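Both complexes shown next keep chain A, but they swap its partner, so chain B is in the first and chain C is in the second.
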Partner chain A sequence: MGAPMDEPVGRVLRASTESFSAGARAEMLNVPPFGQVVKVQPREEGRAVIYGLLYDTRIDDDPMVRQLVLADTVSEEMVRDQRMHRITPVEMSVLCIGYLSAQGVRHTLPPHPAMSLDAVHMCTSQEVRAVTERFDYFRLVLNSGMVPSEQLLAAHLLLSSETHDNEQDQYAYLVEAGREIARLLSNDLPRLDNLLRLIYPM
Partner chain B sequence: MTLEFHKLTEQVDRMGQYFAEQAEETEDKVEIAWQILNAHADEAFLPYILERVQDAVDKDAGYRGARPIDEPITQAYPPALIPDSATIVATDGSQIHPNRHQAAQYYLLNIGTIVVDHGSGEPPLVSSEPYLFYERGYLLSPDFSEIKATVVNARRTVAEMAALAEHTWHHRGDARPLIAMLDGGLLFIATSEVPDRNQLLGIYFSAMTRLEEVGAGLAGYVDRPRSKFVARMLHLLDMDAEYVSRNSLGAEGRLGALQDAPIFAQLLHPGERTALFVQMSPQNKEFRRRGGEAQEITFFYMNVAARDEKPNIVRVEVPMWVANERDLIAEMQALIYLQCQQLASSRFPYVLTRSHELAIVKREESRQLDTMIQVAMTRHGIPGRASDKEMGKTLTNAVRRQGMNGRPHG
Partner chain C sequence: MSDLDDFFGRRAPRLGVVTGGSLSRGIDVKLDPYTDIEDLAVGRYVVVDGHRRRFFCMVSDIGLDNTAQQITRTPPDMTHPFLRDVYTGSIAFGTMHIAPMLTIEHDGTVGPVRTIPPHFMDVRTATEQDINDVFGEEDDNHFNIGAPLELPETQINVNLKRLTERSVGVFGKSGTGKSFLTRVLLAGVIARRAAVNLVFDMHNDYGYEVFTEKGTRVKGLKQLFDSKVSIFTLDDESSRRRGVRPDYVVQIPYTEIEPEDLAALKRTMDISDTMLDAAYTLRRMWGRNWIQSLLTADADTIEELINSTSINGASLTALTRRLERFRRFEFLVPYGEGESAVETILNYLENHTSVVLEFGRYGNALEAYLLVANYITRRIRNRYVQRIEESLDDESKQPPQLMITIEEAHKFLEPQIARQTIFGVIARELRKYKVTLLVIDQRPSAIDEEVMSQIGTRVTALLDNDKDIAAVLMGVSGAQGLREVLARLETKQQAIVLGHAVPMPVVIRTRSYDAAFYAAMGQAVGGHSTAAEARSSLYGDGSDGFD
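Here is the complex of A and B:
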């Protein structure tokens, strides 16, 4: 999935307790996929590691990029110049789903928001399993008005299931998650039906 | 008070009408220009043209027109095939002029450079170098008056050429042809109000010599040229030799204020160039005297429009050492044309667009630098504060920006 885990995939541009945005160079080799669990590693001690789900990736334009897009021929050197050097960052939006406390991962909003320029990393398989061991954050995702919640949760579960060793464990994980979703959406059958279809193993 | 546009409607309309009439007049003059050109089209006329130019120079008639080098003047010259590999270096600069209303007197030069390894698929190398000037020697003239903006501009021009030579020198072992580009003409003109004029000229010539030593194709790119060098030559050819004088050359004649670009818009297909010419000016004479024959500035016009567009004529200035290498000129032409096709609607070389972008100091950055300077002064026990006028202007400008955008910046 791109860059080594110890290399940040971006740095925090702006943040609130509920969510944050991270910026990265437009050379998109290491942008995590939609639904991926990422973490914010604080620069100072005393602030908690924050976990979140990547729910949107934006690539901004500017007048020069618009001109290049419309040109008949653009050389490879110019494309790489735009991606490497010009200030047109890829912007990733992340919904916070928990933080690391002394007792382990807590699925509530973090006590403090992330700070500008904190490094954002993709979580390792081990970390993803630790964060997704319990499903207490599902309600947070399903109730969030700012994200495409069903699509996000489905993409996240499919990605997270891959951190389990074999197909049987992956299936068991998805069934377990499906049960929790059924409990949470018992009074909203169309949404439940949609979400279960999205995570049903192919 | 903002600009009251409704009071301008009528004036703007009259302006449009005026320009339409001017365009018609230009068409008539271009026709006359081509009659004169065609009368001297044959290569056999070249010695005659050179003789007429020399005659005007000998008569000290203030001739400021063109002198063909050795090519027929009505011919169009196609570019070479685009080279598989090449190195293109481009430099541009910007400045913050001294402002006596700021907390401290200073000026800043910022020089941006891009180096493209054409054909490699690799991203270009980009850099920008800021230089801060705050000592009295830089800010005051010998008579202790404050330097003018023209002095800062002259120093910026020299810094651009020096940076271009420096970067090109570092890449002398890279792919050939090696093209070194600047935005604007190559004739460095510093008036007498530039106190270090001679020193600057020395640096400028050293940089050009360095470029010559590495065999770089140095080019000054002039977008939307307003020059009349060739039109003046045609005016000269249009009169009998016996009538050539300062008065007759200074008069408008049949061609009036016609510029060269519309003349060659009729000749050049996309990518093609005109013959090479020398600028006959006192500045170029001085260049030749100080830098030698190889550094005399020559030029050609070329059409950088895309295949289906109206002609877009630009002037490219090259020193004589480049003009003497016609294969290099043809490759340079091909690369400049390619550079001008990178953006959809702007026919301006990509490398110059980027070097400008790397050099430009935005207003916000300028304000941040002022704040940095104020903080540094305060740290060293000196009260750093902009004048009340400056602070007032900052406030009103901020209010206007908020008004325009509907919300405050940031």
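Here is the complex of A and C:
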């Protein structure tokens, strides 16, 4: 991966209780993958660490890019330069799925939203394990109108399963998660079947 | 507690949770995803851990259910192992229905079920500890007759006192192990002196050496208990051919046979009421010689008889023809001599020696079996009644508790004749006169209902006829669940025991009747005081060529 884990992958641009966006420089290597669990580390005491799933990464254009795409040739150097110095950030959208309370991870929306410029980090494997130990946030993901919920949950589960040590545990994890999804989607079997096929272990 | 407890733990893995039900219908259980439905079986024991007590239950049905009806119309692709694993146990899941049988309180006391466990309590397989809490340990009055199906190391014990104080039925299709089971029960009763036995041994199954279906030899009761069992025979030749040295050859003088003795043969020999009336008339007129006189009467005597009595010619001829069939029974002799067979049998019984009466070749003649069993039983029971009424205030003078074993019991106890035969009387009069029956039958539905309801303990191997199943389960609470179990027993050496002698209906794999059993019986009668002696006798048996 790119930067060391304690390096933030971005800083909060905008936030609401349900979601937030983070901005980063366009050195793409650093941007977490779709479905990854990330966390917001509050700057002040008294606000909780917020966990979320990265559901969208946006790269907006800027006047410089607009010019460059029209040019006949674009040299390596120009691309690197543009990426280093572009003035609009890469924007990552994150769906909040819980926060860290005194008792541990809670899968409810956080009491306070993230604040601008709070640091956003990738979660470590241990943190991912702690956050995904229980499946109480599935419903939140599946019911959220603003995210591609099936794709997101599937990508998230495949990533999370990798935090388990061996293939057997990874499989068991996916089966357990699958059963929870089955419980939630028992009234919409086509959607369930689709989702299960997306996480079918290879 | 003990290391074993630490090792096994008191709890077995969870199978599922209680989801509904009622005391009368039984409890519904949703199985956990990881419970393999193919590992379950009706008849197994499970325990529900309630808040204050354990509910000891039997699996009575197993089913499949789903949370989304739609899935039954568009079943998922089960060739994907992942999809299969996810769907089973979530949307599609297993269920079972369990019948609460008993409760075990915290202090270990076992009691009847008066309530059910609350919602969502854990259901788990019964452990050895649970079984022992319910069925107790083997002791002077508790005899091991087998093990529950899934726990072969545990014992199911019958209470011998309760077994013998009311009648017992052993049922099952042909070849399911009735005779073997009966031998085990009789051995227990004899070894623990719970009662003295009189066995009408139709097929020479109980006294001496018997062959199994596979052709190996097993021991008879005489070989296990020697002086506590004696073999009587109706067919000396057959007994000797099989290496038996009978203690007594039973003969019955024609002069002793009374019309009442024919009543039990009404159906089998097609004897009508008018024929029976004729028999009574002849007995009155001619006295003890009535049968001989009739069989040797000339035409004039018959003519005169018809003219001078109410007997009609046709009935008389018919009766004569029936009685002529007795001629091929060589155990019937013209006149009695010396001590009668009945007296001898009674003497043995009073000395606490069980009597096995072998029928030899007459076992194939149902008339002979019915005639002799009725003849002897009627007289013995009369003597018992007399003796007991004489000694009502002094129990020490009373004869010992007696259990009489008959095969093809429905022939004695059919509804049409149950009221007229002595066996019907014994079955219905309860324990007052210290005589009870052990009836063996493959067609329990043919037995009179009232008689059936008086059979305290029923041991039944596989039955596949619905009427027979219903007959055996008549009057048993929670019978619905047992029905499924009963129809699905294995074809051999499995049985359900229910009624008076066990705290709850129980499915067993019948204790094997083999060298280990002989050795245990040797110890039980005090023949072998140490395990080493028992073992050496066990090897001794082996060299005798016994199984």
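One rule holds in what follows: the second predicted complex is superposed on the first by the 202 of 202 C-alpha atoms of A that agree within 3 Å, B and C clash if a C-alpha of one lies under 4 Å from a C-alpha of the other, contacts with A are read in each partner's own complex, and residues count from 1 in each chain.
In this text, a residue touches a chain if its C-beta (ideal position, glycine included) is under 8 Å from a C-beta of that chain, and two chains touch if they have at least 3 such contacts.
For clarity, every value in this text was computed on a predicted model and none was experimentally measured.
With chain A as the common reference, chain B sits beside chain C without any clash. In the superposition on chain A, A:S186 makes contact with chain C only, not with chain B.
Contacts of A:Y200 after superposition on the shared chain: chain C is touched, whereas chain B is not. Annotation: apex chain A, arms to chain B and chain C, angle 170° (C-alpha centres, rounded to a multiple of 10).
In the overlay built on the shared chain, the residue A:A102 is in contact with neither chain B nor chain C.
Judged by the touch definition given at the top, the superposed model places A:V175 against chain C, while chain B stays out of reach.
Once the two complexes are laid over each other on the shared chain, residue contacts for A:H85 go to chain B alone; chain C is not touched. The minimum CA-CA separation between chain B and chain C in the overlaid arrangement is 48 Å, rounded to the whole angstrom. Annotation: chain A has no residue touching chain B in one complex and chain C in the other. Within the complex formed with chain C, the chain A residues making contact are 171, 174-175, 178-183, 186-187, 189, 192-193, 196-197, 200-201. Put simply, chain C touches chain A in their complex at residues 33, 67-68, 70-71, 74, 76, 80, 82-83, 85-87, 89-91.
Of all residues in chain A, only 64, 66-78, 80-81, 83-86 touch chain B in the complex they form.
Listing the residues of chain B that touch chain A in their complex gives 114, 116-118, 120-124, 126, 306, 338, 341-346, 350, 353-354, 357.
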